[in-house]
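Both complexes shown next keep chain A, but they swap its partner, so chain B is in the first and chain C is in the second.
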Partner chain A sequence: MTRSKKKQKDLESALMTRKTGRMGDIVARFFRNKLGMLGLTIIVVLLILVILAPLFTKYPYYEQSFKDRFVAPCWEHPLGTDNFGRDLWSRMLYGGRISLLVSVCALLMSNIVGIIIGAICGYFGGIVDNVISRVLDVLMSIPGMLLAIAAAAALGTGPVKTAIAIAITGMPFGARIMRSSVLSIKGNEFVEAARATGSSQLRVILKHILPNTLAPIIVNATMNIGSNIMAISGLSFVGLGVQAPTPEWGSILSAGREFLRDFPPIVIFPAVFIGLTLFGFNILGDALRDALDPRLKD
Partner chain B sequence: MIKYIIKRLLLLIPVLLGVLIIVFTITYLTPGDPVVSLLGSSYTPETYAAKAAEMGLDKGYFGQLGTYIFNIFTKFDFGKSYMTNNPVVESLMARAPVTAKIAMITVVIALCVGIPCGIIAAIKQYSILDYGFTSFALLSSAIPSFVLAPVFLVIFGVKLKWLPLSGLTSFKSYILPILVSAIGGFALITRMTRNSMLETIRQDYIRTARAKGMRMNAVIRKHALKNALIPVITVTGSWFAMLMGGSLIVEMIFTIPGLGTYLYSGISNRDYPIINGSVFLTSSIVCIMSIVVDILYTVVDPRIKTQFVKKKKTKVKKTEGENA
Partner chain C sequence: MGEILRVENLKKYFDTPAGSLHAVDDVSFSINKGETLGVVGESGCGKSTLGRTVLKLLDQTDGRIYFQGRDITNISKRENRELRKDMQIIFQDPFSSLNPRFCVSDLIADPLKTFTRMSKRDLQEKVFEMMDLVGLSRRYAFSYPHELDGGRRQRIGIARALILEPKFIVCDEPVSALDVSIQAQILNLLQDLQVEKDLTYIFVTHDLSVVKHISTDILVMYIGVMVEKSKAKELFEHPLHPYTKGLLSAIPVPNIHHEKVRVKLTGELSSPINPPNACRFVKRCPYATEICRHEQPQYEEIMPNHFVACHNCRKINNL
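Presenting the complex of A and B:
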């Protein structure tokens, strides 16, 4: 009796897991990963702080006050003030808006273009693939930071142009990933079946191939947000990214560098914010990869 | 094998040509007129035209690109700096060794520290050491070099006065730049070694070796290490290439007369030949490194070498069959 009940329960649970399907498995695996949850928490908290910045700040980020220069962190100014007496906490939160927004925009641009190019290469193959792949090879053989710097020098400064410069550097990698996953999928029977039933090529690509290539693209994208923030800050640091009056973590950091000796908070806090964001996205990306591809994890 | 290397080197030519064209196009599209910035505000149309002709800027896009590439292939001439009038090749040759020296020492140090740490973390998975190394690696990969460098400068240079602040005068001045770059690489190599080692020590042949009664140390040294090294070689190769080009920020902060500061001077002065030349040089280094990495694979794992040979043989057979 008990045994048959247990058997039935096993069967039920087996059916249940079947019901939740692949997506459920992925979500369950992801939520079991503690490090990944830590990453998710860091990013959600950062996003809330940055998006709802007006609620968490007392001073506008641009308000200067000469008598309050270089105030050490205190109740009134949680992170202190900078060389113009501007509240660093406000500047961090509003600066995060620019840093994250530019990073995400660059990511979207590079991935959308990359996906389109990669899909064309992988799906059609032949001479189109050959030519585009060679161009991508060339772009990838230029070190990323150098290409971004050269592109930023050509495009000029400002958030939109910085995003484009960084998107150019990231595009070949997205295209490469997309191309190889399309190549591995297009030989499957379901693609052939879709074609046999008369689906147009666009429909085959969008409805049948694209959903199956999303996993590596998503993982790559998550990892890229972090590295994009690093690149944006790097560009701002060299003076080719977002310019001084607009707060951005990298530009705050590079502007504060000359005061590092006497007033460390002005460099330490932007660094902490950049570091936390990178850390959060890195471990989130790792966790996503493990969840999407269980073979990679022990 | 030699055939393979030659083939790879020949394939480099179109890629590098592409790099030249792309970089030239980017700098060509850069706003601002180098002639005007050289002559200042006081120039007449005649002096302007004369200067532009002297700099080779009077032709159109294709004319300029054509002469540029022609000069490189026939005379190995990358043009002259607009500002100083020095040949770009000479400056590159003078500066590349500085960057290369720092990059090589950095890579060696990061490998010597990173690989053992990664192995220990993998063998003693979930131990305190593993958590220590892994979290240090995760944290240090989240700190950009442009944060680490100024902080180290203040601690070791200004507050403790142990190390010089800038320039390259004695061996002491190498310590900080190398330390800053090595920390990032250490993180990368430790993570990579740990992951591939974890994968390797679960293989059947490792279990066999253990079952035969070999000690763990010997198994790791003789059986696991070489197999686990392949991905580490890959990342080290691309990281070294990145160091050659991407150490710009570190070089700027420590005022090291290397490739990075040279490129930066080119960008801030609109000195296009400098930008083109240094990006071209670093890209060539990247490409050559990827060939070196492929060759290193065959040294570490002879199975890959037989793959090359096999591929060639089947190809030869195919062509013979077609001819027959």
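Presenting the complex of A and C:
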């Protein structure tokens, strides 16, 4: 009697543990990571500033004032003004809208498509892999900027289209990384065990292979944020990204380059914003990767 | 004690750039319910491939497989999936055979999740039942495999294989990655489970003392072909094939007064790729004659229930 009672108790407590489940474990591990929390804070603060830009700015980002050109950071203009006398703080916050939206969208698109294509190549191998890999090789052999320009020219302008153009350049790299991860995981006996116990191929890929391949994908993805932001400015430069006077960090940075010697703030501040974004996403990505891996528990 | 599995002239060839690799070549045997067939041979002789082909995890090149009287040689994907409930496999490496991202409960429950829709409570109850069965303490239910030692990991592998209540299990070197003391525990566990659940095993191993301990029958393989098969006791007492003699004489005997008569095998393994029509063992056989070089020996019943593939078997053994 007591024995069966004890078993009942075991079961109850297990079910309680179960309730929070693996997802709960991951979330708990994630929030325990201090560096990750710093990253999250940076990203959240940036997002709040950018989304609620009208609340935090005094001047519209497009208002020019020729008597206030190159004003050093002061109370009136926290980050100073640019060569047209536009308030840099306003331009930073409004510019973040395009930069963050487009770069994150591009990142998600390129990696989701890359993961799917890479997983197919790595898992099925053979002729499928060969054909797709050669197409990816062709895409990778074209310089990124050129490919983005071609894609943007074909698609037209607008944030989503720009994001797609940038995603196309990043996708082959994500797919390549995914493919090699899948190849290395596929050889493990637990994949064979999953098949031997009746898992369908889709289940094997989604539950057994994919979770074990995410680490390099996440690192690659977070590193790409910075280059994506710069790619937007590159497209804008040839008139295929965002149109002036819509601000955007990369464009402000490259437009300010000629004033670097005389008025550094115009370059420093966009660089700081891009850097903070990159840093924030990077440590956030690392924390996510660690949280997803039960082997790195504490 | 009916026959549960019969394999006839099973062949499994792999295409390699160098040619056709004969991993399993013309292997036939049958196993009765509740018995254990030990498959021994050195690395690369096709033991594991044999196990996987019998389970239909690999498609055979030729031959027939009958399971519980039914021909499963050419079954559909769907039937193959159903077959998983009856045939399972225990893997060699308890480190790579468990998904590192799954906790013990999830690992054991995984096969059940693919076949049934059970409530969390029933699933957990079943998992606990299996953990009790294989001697894994319930407190490890939410541990991850990297936190456990090899023996416990292997118990997870066994629980996972047993949760679907199969009748037939291929044990692919289940103890060769473990310490000797743990080996004994796992072997005893496998034997207890066999009696309790009326299981039939194919026990693949290169360790002769293990196979002696657990097998009813023993099948000796050499580069894809079967060279000798008999009851376990008979094989250890009267090995007939020169290769088996060599293998058996290599077992260390824990007795300092025991004078060893080693049958040394020299030379190296011949290649399994496009093997010529000759005895596969000819290059290392001390008794090789002309016929061995030109003809593959037939598999004969030299003594009751004792099969050997050797041209000179009778001469060597004075039969």
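Quick note on the criterion: the second predicted complex is superposed on the first by the 175 of 298 C-alpha atoms of A that agree within 3 Å, B and C clash if a C-alpha of one lies under 4 Å from a C-alpha of the other, contacts with A are read in each partner's own complex, and residues count from 1 in each chain.
FYI, a residue touches a chain if its C-beta (ideal position, glycine included) is under 8 Å from a C-beta of that chain, and two chains touch if they have at least 3 such contacts.
The model shown is predicted, which means the values in this text are computed figures rather than measured ones.
By the touch criterion defined above, A:146 reaches chain B but does not reach chain C. Looking at the superposed arrangement, the partner reaching more residues of chain A, out of chain B and chain C, is B.
By the document's definition of touching, neither partner reaches A:113: not chain B, not chain C.
Within the superposed three-chain model, A:37 lies out of touch with both chain B and chain C [touch as defined at top]. Shared-chain residue A:101: touches no atom of chain B or chain C. Judged by the touch definition given at the top, the superposed model places A:212 against chain C, while chain B stays out of reach. By the touch criterion stated above, A:190 is placed in contact with chain C alone, chain B being left untouched. When the two complexes are overlaid on their common chain A, residue A:199 makes contact with chain C while staying clear of chain B.
Within chain A, no residue touches chain B in one complex and chain C in the other. Residues of chain A touching chain B in their complex: 134-135, 137-139, 141-147, 149-151, 153-154, 156, 226, 230, 233-234, 237-240, 250, 253-254, 257, 260-261, 264, 267-268, 271, 274-276, 278-279, 282-283, 298. Of all the residues in chain B, the ones that touch chain A in their complex are 14-16, 18-19, 22-23, 26-27, 29-31, 138-139, 141-144, 146-147, 150-151, 153-154, 158, 198, 202, 241-242, 244-246, 248-249, 252, 263-264, 267-268, 275, 278-279, 282-283, 286-287, 290. Of all the residues in chain C, the ones that touch chain A in their complex are 55, 57, 81, 84-85, 88-89, 91-93, 96-101, 103, 105-106, 110-111, 114-115, 120-121, 124-125, 128, 138, 141-142, 144, 146, 157, 160-161, 164. Contact residues of chain A toward chain C in the complex are 7, 10-11, 14-15, 17-18, 22, 188-190, 192-200, 203, 208, 211-212, 292-295, 297.
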